[in-house]
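What follows is subunit A paired twice: with subunit B in the first complex and subunit C in the second.
Entry: the complex of A and B
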């Protein structure tokens, strides 16, 4: 359904002295209809950047995105319009899509208004149904974003993303402010839509237990690259970083885990990006690492 | 002096809206000792953040507050705004739920993190800067010399969250109210946050931790309180709580964690305007009987309490 090839994103900032920062570096990925893919990885490794590139909110520095065979990158706005409803992003920060001066009802109705073809009554019926679907009631509708709790706001954004019946939904930390029960409820709603309509789901999350519970396939990212990909990653992690991640879940030791003095790799270092922190590193890790197929699993580490 | 640092008694908050009054907090009563980590978990939209804001006196301007909040023997709910400003950030620090709203988008992150140290600890510019760098480095915002000069929009979600934690713990406060401090933070860095909280707590600081992360609450807290529809329905020591939660809502909540298969609680969250009569959980409770239509008492037991007729 959605296919991304060799995506890169480099942020440049600063007017006088430009600083370049690579956020995503050579990501290939494919998502099939009706599939749930979880993306996990450390904070700042480029997950949100990748999500924005997949939904065409951010133009990749290089690389291509295809949706059902059609190339989206580089397409002009008029043609892209046809796809806007089909691929939706639930951003990490609700303020990205909600206008603080609008009631949340108006924000959820907006996609219908933009698409046209519906009468006022039909729009308001649809909006009511969406609010009910995410577990909100009529009392929340006429409020402004700052008058809702964090979790309620997150659900408003989910309702808005579901408005145009998307075929692919990218959820960037979409349930991070919900309690476990409401989170389970939202996941159940999404899964139901998935079985009904074959919705493709991308779940970006730091909650590894949730990722394990909902996903068919897991991608592990580190420093802008995919370091491991496969079906039973959490049961049998192969990459040293994935293993470190899973060990941390148990809060086993609360000793202060200070990071190494300097994590930054020397300029021009092309080897494994996890080199500085990896307990299993050897000289051979200074060579560039490719994603290798290890019995149905893709791993970016020569040791596995 | 007793060991009690924060004492909240009979606090209620209601917020008028076009549809009626939102009863966000109803009769909250608890106290937090020095060194203690007190966690508030519970349903989304049940009034946890509003309770935190009520203690900090940062409620929406139209909210109606009643009750009493005492900090170290001083009734802070009766102080003037000017006196309260001195307490905020110095004695009590808060880590707000939404970092994008709490951070000023036009000021460099380093300057914002250093601000409480300059204002409340009276550090010189250089000292504050050095300390800020150390804090950023501790929270893995690397390299600090570059990151301190960046603006909030250049940070990833979890990075900004960690910058907020750095800011909140900067000025050696006595009480930290942390609202969802770990959201958007990966498990390895969550451990750093847990570790620094425990270090700060061992130095005498108390915590009111508002969180949905049950694992984090379990790892961190001394006591747990559970909130449902504006009311605290259970308070218990951590071990006792996780061994055997008493309130039917607490039980259902712990059953919804991903490890146990993500089973949502049947039924929907109640309205906060027209709250259910009697026990607020009764429309969804598997154990309800006739008497649950009357307000349940807060049943005090050895070192824990629960608001439910089953234990009366």
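Entry: the complex of A and C
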């Protein structure tokens, strides 16, 4: 359904001395209808940048995104309009997506109003149905965003995203701001909607447990690259980084929480990005690493 | 709205402004004399029970003139600020929202207007166009719109980065829709604050121009023009300048107070919103 080919994103800053930071580096990705893909990785590994590029909120430096065979990247806004609504982003901070001066009912109705063609009553019925679908009651409708809790807000955002009958939902850390019980609830709501509507779900998170619980397939990102991809990644991690990431949660291991300078690689280094931190590194790791197919699992490590 | 009335500054200034506006509207009913009525026998009379604020060099009642003068001053204030607000906000929002070369052109234009001292620019324009109320107002608009353009642009830049603007775009909303429904309502509070402070400034500037003889013709009652007319008699009949001056001060002060109060009230509301928004 959604396919990304060789996506790169380089952020450039500074006027006189330009500093370039590669956020995403050569990501290939395909999402099939009705599938849940979790993208996990530490902060700053390029997860959110990837999400923004997938939903066309950010133009990739190079690489292409296709939706059902149509190339979305580089398309102008008028043509992109046809795909509007098919792919929706659910961001980390629901506060930000809702206009503080609008009641949540109006915010959820906005997609219908913008797309036009519906009467006031029809819009109202649709909004009611969406509120029910995400488990909100009618009493929430006339409230303003600041009068709702984080979990309720996130549900309002999900309801709004569902308005245009999307085929793919990209949840960018959609549960990170919420407490554990609410997180579980939102994840359950998302899963239920997915089963009911059969939509694709990209679940970006740093919460490994949530990723494991919801996903059909997991992508592990490190330094802008996919280092491991497969179905039972958490049960049988093959890449040293995936193992370190799991250990960090299980045993509070500090292997992945080292300082920036400890992990910095020399300029022009083309080898494994995890080289400096990897306990199992050898000279061969200085060579560029490709994603290798290891019994149905893609791993970017020659040792696996 | 009710919350605004809890602010003492706002209430006080609203009472003063309400009184002034009432006085201006009903000047023909409230004024004890007609402003054209000249009583040459009672020239330069000090304040008395007949003439509460005294009389001027032509024997006209100062209280009457001050009352009618409020009309001219408030009209100039509101009209100039409304037009400047419309021009400034439109240009500022366009510049901030679209950015790029449009932003550059609009903002360099604004900068070039701002580079002149405002009174000097107004003086130059009235000198060029000729004196009179209309030209004075044009001159004041030329000075005043820049402030609104700057404020509107800044606020738009801020609002533009908000998620709800991006979210609206991603459900297929046009730029015009986003500007009208999301940007304008969210930048309106700083603009309104600037407007309430701006009215005071404009009234003061208009009085200044009239004082210099570039604004309203001396035959029409206007506070600045009254100051100018009273100048010659300042040592012998100070009330000629005192009362119009007092009203200018009161009006400007009230508008500034109103603007300050509005800012505090709206900021406070914003703070509360922020605090409550964090769960």
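FYI, the second predicted complex is superposed on the first by the 267 of 304 C-alpha atoms of A that agree within 3 Å, B and C clash if a C-alpha of one lies under 4 Å from a C-alpha of the other, contacts with A are read in each partner's own complex, and residues count from 1 in each chain.
Here is the rule we go by: a contact is a pair of C-beta atoms (placed from the backbone, for glycine too) under 8 Å apart; a residue touches a chain by one contact, two chains touch by 3 or more.
Just so it is clear, the structure is predicted and the values come from calculations on it, not from any experiment.
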> Between subunit B (first) and subunit C (second), which, if any, makes contact with A:210: first, second, both or neither?
Replying inline: first
> Which partner does A:111 reach: the first (subunit B), the second (subunit C), both, or neither?
Replying inline: second
> subunit B or subunit C: which reaches more residues on subunit A?
Replying inline: B
> Does the superposition put A:225 against subunit B (first), subunit C (second), both, or neither?
Replying inline: neither
> Once the shared chain is lined up, is A:93 touching subunit B (first), subunit C (second), both, or neither of them?
Replying inline: both
>> Tell me the contact category for A:150 with respect to subunit B and subunit C: first, second, both or neither.
In response: both
>> So in the superposed three-chain picture, is A:13 touching just subunit B, just subunit C, both, or none of them (first/second/both/neither)?
In response: first
> When the two structures are overlaid on chain A, which partner does A:35 contact: first (subunit B), second (subunit C), both, or neither?
Replying inline: neither
> Taking the superposition as given, does A:85 touch the first partner, subunit B, the second, subunit C, both, or neither?
Replying inline: second
> After superposition on the shared chain, which partner residues are touched by A:167: those of subunit B (first), subunit C (second), both, or neither?
Replying inline: neither
>> By the touch definition above, which subunit A residues appear in both interfaces, subunit B in one complex and subunit C in the other?
In response: 93, 95, 146-147, 149-150
> Which subunit A residues qualify as touching subunit B in the complex?
Replying inline: 11, 13, 19, 40-44, 48, 92-93, 95, 135, 137-139, 142-143, 146-152, 173, 176-185, 187-188, 206-210, 212-214, 244-245, 248-249, 251, 254-259, 263-264
> In their shared complex, at which residues does subunit A touch subunit C?
Replying inline: 55, 57, 81, 84-85, 88-89, 91, 93, 95-101, 107, 110-111, 114-115, 145-147, 149-150, 160, 163-164
>> For a test of understanding, state which residues of subunit B touch subunit A in their complex under the given definition.
In response: 15, 17-20, 22, 41-45, 48-50, 60, 97-98, 100-101, 137-138, 140, 142-143, 146, 150, 154, 156-159, 161-162, 180, 183-192, 194-196, 198-199, 212, 214-216, 219, 252-253, 256-259, 261-265, 268-269, 271-273
> What residues on subunit C touch subunit A, complex-wise?
Replying inline: 162-164, 166-168, 170-173, 177, 182, 185-186, 273, 276-277, 279
